[in-house]
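In the part that follows, the structures are each spelled out as structure tokens.
Below are two complexes that have chain A in common, paired first with chain B and then with chain C.
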Partner chain A sequence: MKYNEKIQKKGFYFVLPTLIIYGIFLIYPMLSAFHYSFYKWNMISESKYVGLKHYIRMFGDRRFWNSYLTTFHFTFISIFIIIILSFLLALLFQEKIMLKNFFQSSIFVPVILTMVAIAVVWQFMFQSTGVLSNIFLDIFGINIKWLTSKSVAPYSMILVNVWKITGYYMIIFIAGLLNIPSIYYEAAKVDGTSYLQRLFYITIPLMKNTFILAFVSGVIFSFAAFPQQYVMTEGGPARSTEVLALLIYKQAFEFTKFGYSSAISVAFFLTLLVFSLIQFRIFQSESNY
Partner chain B sequence: MVVSSFKPTSEVLAIPVNILPKNWQIDAYTNLSNYTEYDFTRYFINSFIVTFFAVLLAVILCTTAGYGFAKYKFKYNNLIFIIVLSTIMIPFQAIVVPLFILMKDLGLQNSYLGLIIPESLTAFGVFLMRQFFYSIPDEIIESARIDGASEFRIFWTISVPMAKTAIFALIIFHSQWVWNLLLWPLIIISSPEMRTIPQAIALFSGVYFTPYPEQLAISVLGCLPLLVIFMFLSKNFTKGITLTGLK
Partner chain C sequence: MKKLSFVISLFFLLGNISFAKEIIRHIHWTQPPYDEIIMQTAKDFMAKNPNVEIKVQLVADADMPTKVRTALTGDGVDTFAMPNMQSPWFMANGTTAEIIPSAFGKSTVQEVVDMWLPGAIKKTGGFYEGKYYGIPHEMSNYAAWVNTAHMKAAGLDPKKDIPKTWQEFKLIGKMLTKKNNDVITRNGFAINTKAAIFPFLILHTLMQQKGQDWSSEKGLHKSLTTKGGLEAFSTFTNWATKDGIFDPGLFDNEREGFGNGLTSQFLTGGTWYWGVLDGYSVKRNEVMPIKYPRFKDGENIGGVAYGYCVFVAKQTKNKEMAWKWLNYLESHPEKYIVHGWFQPRKSLDKTLAAKYIPNYEVFGEEFEYAASIIATANFAELQDAVGAAVQRVIFEGTSNEDSLSMLKDDVENILDM
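After this line comes the complex of A and B, so read on.
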């Protein structure tokens, strides 16, 4: 018994390096973000304690709220489209279709590509002389200002995001579909149900967890969007695509307002935290039955 | 259907409608060397070094920690695991400023180490490895102990080889993630010769308001390593997603 206990204790040494490194480079910086958010600091002069000033300023800052709403808008519309689209694609790929593997990999390829590179390419396509604009001009006779119009640019961002990550969720849904025992479908077919009935009464309820998982990870991923906005619009036009990550970056490294930037970081963190806790709750109550 | 019509490389090259494709294709690539202030070869080497070591470190940390959490019952095992796992909820964007200050204080600005360490952290990887090690029967480890093998030897010669699938999935996903990162290199790297590829592409395309074929050329090149890996391992990719995505 004594001997065994000694061995069990050795497990701690396996965990220790991770604990130390995560502590220093993840947990400590997160705590310091809270700390810095109470200080006025620009890296050059002495830091000064300002209390809740940054937070008060943040709540009255229209640029912050604009950015906050932009991020929500970007995230939720993206996720909504991505989940529906990838689910439909997964259903489609269950059927026997021509060149299935080719289409499947084509849709998946954007997932592994570098976001920055994708952004550069899309920037070309979105140009007034680019491919997309020309196609739209030919078909509809209108020249869409993909990146220069305040009302269109956010949707152009969503389009790129959807294009980039739909393939990932498609694979997840395909795997989810494979997990459903085919016996259910066979039984339902015997009972004379239609395809849509089977879809709504068997497939979707059984894939609830996959949907929730896709939703959670999708939100976390999209909420943190940065490269595409940085490359394609730099937050413009008229700050219509200035997402939170970009604002944090700008406040700190362009305007050297490290304290204020930290306050925004804290708000960013807390939003995602609240969000993941709600999700976690739903997830737990769902898996109970 | 924009999505399916997209076969990246060929599509990329087909984009500028008003230029004859055959003429500029090679030009754009050879012209890259004319931009003397951008040493793209160097950036590729940087990206390779950073990706390799960040993934290596990630694998070391995730497998050891995952193993420790899954196979030992030491004091506060669960508590420590929850602490490590909860770092999943820390978005990287939220800690960039303090992390930058920390790295600056440690003198790791503009260094490989400054890039590698933060990019090797993945609490998700720890979670993945822990789940995987759970599935290895305790009896195998016990019998090795009776044979007198040391704990580390059991880990290295028995457990790690059994976790190959999970480690492989971790390597694929993490290397893709590290290779593509933009925000952290932008912040921690200010000296030109330390730039990574995504950073170089972003800066290169940011300087000129009118896009040039050269920007597309470097974008294509920047994606190439990942595409090559994907072509060889596409099966493992999808297997990896289902392993990492569905738990």
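After this line comes the complex of A and C, so read on.
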């Protein structure tokens, strides 16, 4: 026992630096944001206590709800496409194909690139005389206003997001597929099942936890989207791409409404907390099963 | 050994103290080719004042207010530049120090003010509620710019066919717009719709020309329900929605687009644009600044007058030395004028403006009729709301009337009406 306690104590000292950094750069700012959500503060002058005024304003603020819904739209459509695409790619790369490693690496490269650089390049491609516009015009005869149409711009953001992070989830699904014992497939083949039957009755059920992990982590990641909207559209056109993170930034750093911005941050945090709790409950129920 | 270590440490400590310099941290916006002038001026000041170190940080113009605010919170700035649209916020929130006359070799603040052209400090945003907090770094006014090479290629005479009214501006814009399969490949006119400040400043003039008072918060609010306000607003949005002379998707930055020949007209360039143009492919002899067009039945108001001032942060330890640095920074208007940058210091030889700024008479004459920008601490939110109103019409298809109605609600929220 004493020896175990010693080991635990030593282990605690090893993780202490990380805990301190975590506390300073994550926990403290979170608590500060919660504190300032009850104050009117512009970063320079003395803060003034206003109680729930910011929250009341937020619930009646058309712009907040626009951002909230825009973020949900962006997140869920992105994740839906990403999960399907990355799973299909993972299945594809299970087969023996030429230059498999090259293609896997190429799909993964955007994951390690910085989103700001990606956004700048895509912005040029989306211009009305950019490469994408020219391709669609020449091949399909359609002039798509990628970043200047209120109905198209949100999907342009989704396209960039899908392009960036599909590779990451492809790797997660590849790992999940490798965890399925091959004996199940061999037995199923002996029973005369088709590929699709093996996919729906073996692969997908056994990948349930991986799907849940991908979904919830993808939602949390995409919900916090900011760079591509800030660089490419600054929330336009007509606030159609103004996600919550961008609204929080504008309220704080452009309008100096740090109190109101903090209230929106709290709403943002609570939304993601709900998703995290769902993930926790699902994993718990899966492990009990 | 311990004694020796102590002596060596003491030696280094005393050495550092004796060579310790006073540091002045200055934040300025980046704008080639003027960045080099600022950096050289800092070096020259340090050569004259060996016990002072000037650390200049250049940031993007649009990011400057945010960077300065953040720096002020962390005591990370001593002097900074700020445009007159943003400076009221800083002065209203007590972040700026008043001018110290002795730093300028003067006895009173009025003597310092008199070092610049009459009214210059007020127009460039260094004056607030009876006190002077800044000195001018730039004073300018917007002119309309037109690509005369495009005009000639379209069979127009740059001398006779210069637009004088907004109707003519639109018609010439149509003639100069180029299309390829219904896709605009050259705008007849362009504006950066992503950055709300630019539509705001053009609308400022249009509204004032229609007799609306956009120099005050109440006047701005009132204009949103008037016929004149609607006409001014519609004139602007129609360039994109009905007149077909502006595709916002072609590029973002109209100064860059004009310099690269991708737009034939734009409305947000001051005298300083000559220096900026030199960095692009379009040549000086292919363009011309002209007076802002007018409405036939409108007021005789030109493009907005604006400027930048430099300020000393209230938290600065040695304010006198900081003002000395700023006075030195602003003592070389002749270095800027060669690139077309006008500083309203009386020491500037007036003939240099005419010599180095092509078509200076346009800016000089227009300045007298320039629209005065609203000075309010709520500027950031108001400009954002106006930008959103413009975007609703251009990108969402909202009617001008509905968009102005929504803008009115937004303005009332911002001003707590």
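As a working rule, the second predicted complex is superposed on the first by the 267 of 289 C-alpha atoms of A that agree within 3 Å, B and C clash if a C-alpha of one lies under 4 Å from a C-alpha of the other, contacts with A are read in each partner's own complex, and residues count from 1 in each chain.
In this text, contacts are C-beta pairs under 8 Å (C-beta built on N, C-alpha and C of every residue); 3 or more make two chains touch, one makes a residue touch a chain.
The structure presented is a predicted model; accordingly, all values stated were derived computationally and were not measured.
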| item | value |
| --- | --- |
| Contacts of A:E254 with chain B and chain C, given as first, second, both or neither | second |
| Which of chain B and chain C A:Q127 touches, first, second, both or neither | both |
| Touched partner set for A:Q279, first chain B, second chain C, both or neither | neither |
| Partner chain in contact with A:N66 - chain B first, chain C second, else both or neither | neither |
| Touched partner set for A:G176, first chain B, second chain C, both or neither | first |
| Which of chain B and chain C A:L213 touches, first, second, both or neither | first |
| Chain B versus chain C as contact partner of A:P237, first or second or both or neither | second |
| Touching partner for A:I112 - first (chain B), second (chain C), both, neither | first |
| Dominant toucher of chain A (residue count), chain B or chain C | B |
| Intersection of the chain A residues that touch chain B with those that touch chain C | 127, 129, 234, 253 |
| Chain C residues within the chain A interface of the complex | 65-66, 69-70, 72-73, 89, 93-95, 181-185, 193-195, 247-251, 380-381, 384, 388, 391-392, 394-396, 398 |
| Residues on chain A engaged by chain B in the complex (per definition of touch) | 7-15, 17-19, 21-22, 24-30, 32-33, 35-36, 85, 103, 105-110, 112-121, 123-125, 127, 129-131, 134, 159, 163, 166-168, 171-172, 175-176, 179, 210, 213, 217, 220, 223-224, 226-227, 230-231, 234, 244-245, 248-249, 252-253, 258, 261-262, 265-266, 268-269, 272-273, 276 |
| Residue numbers on chain B that touch chain A, as the complex places them | 2-4, 6-8, 11-12, 14-18, 60-62, 64-65, 67-69, 71-75, 77, 80, 83-84, 87, 89-102, 117-118, 121, 123, 126, 145, 151, 155, 176, 179-180, 182-183, 186-187, 197-199, 201-202, 205-206, 211, 215-216, 219-220, 222-223, 226-227, 229-230, 234, 237-238, 241-242, 245-246 |
| Residues on chain A engaged by chain C in the complex (per definition of touch) | 42-45, 126-129, 133, 137, 143, 145-150, 233-234, 236-240, 250, 253-256 |
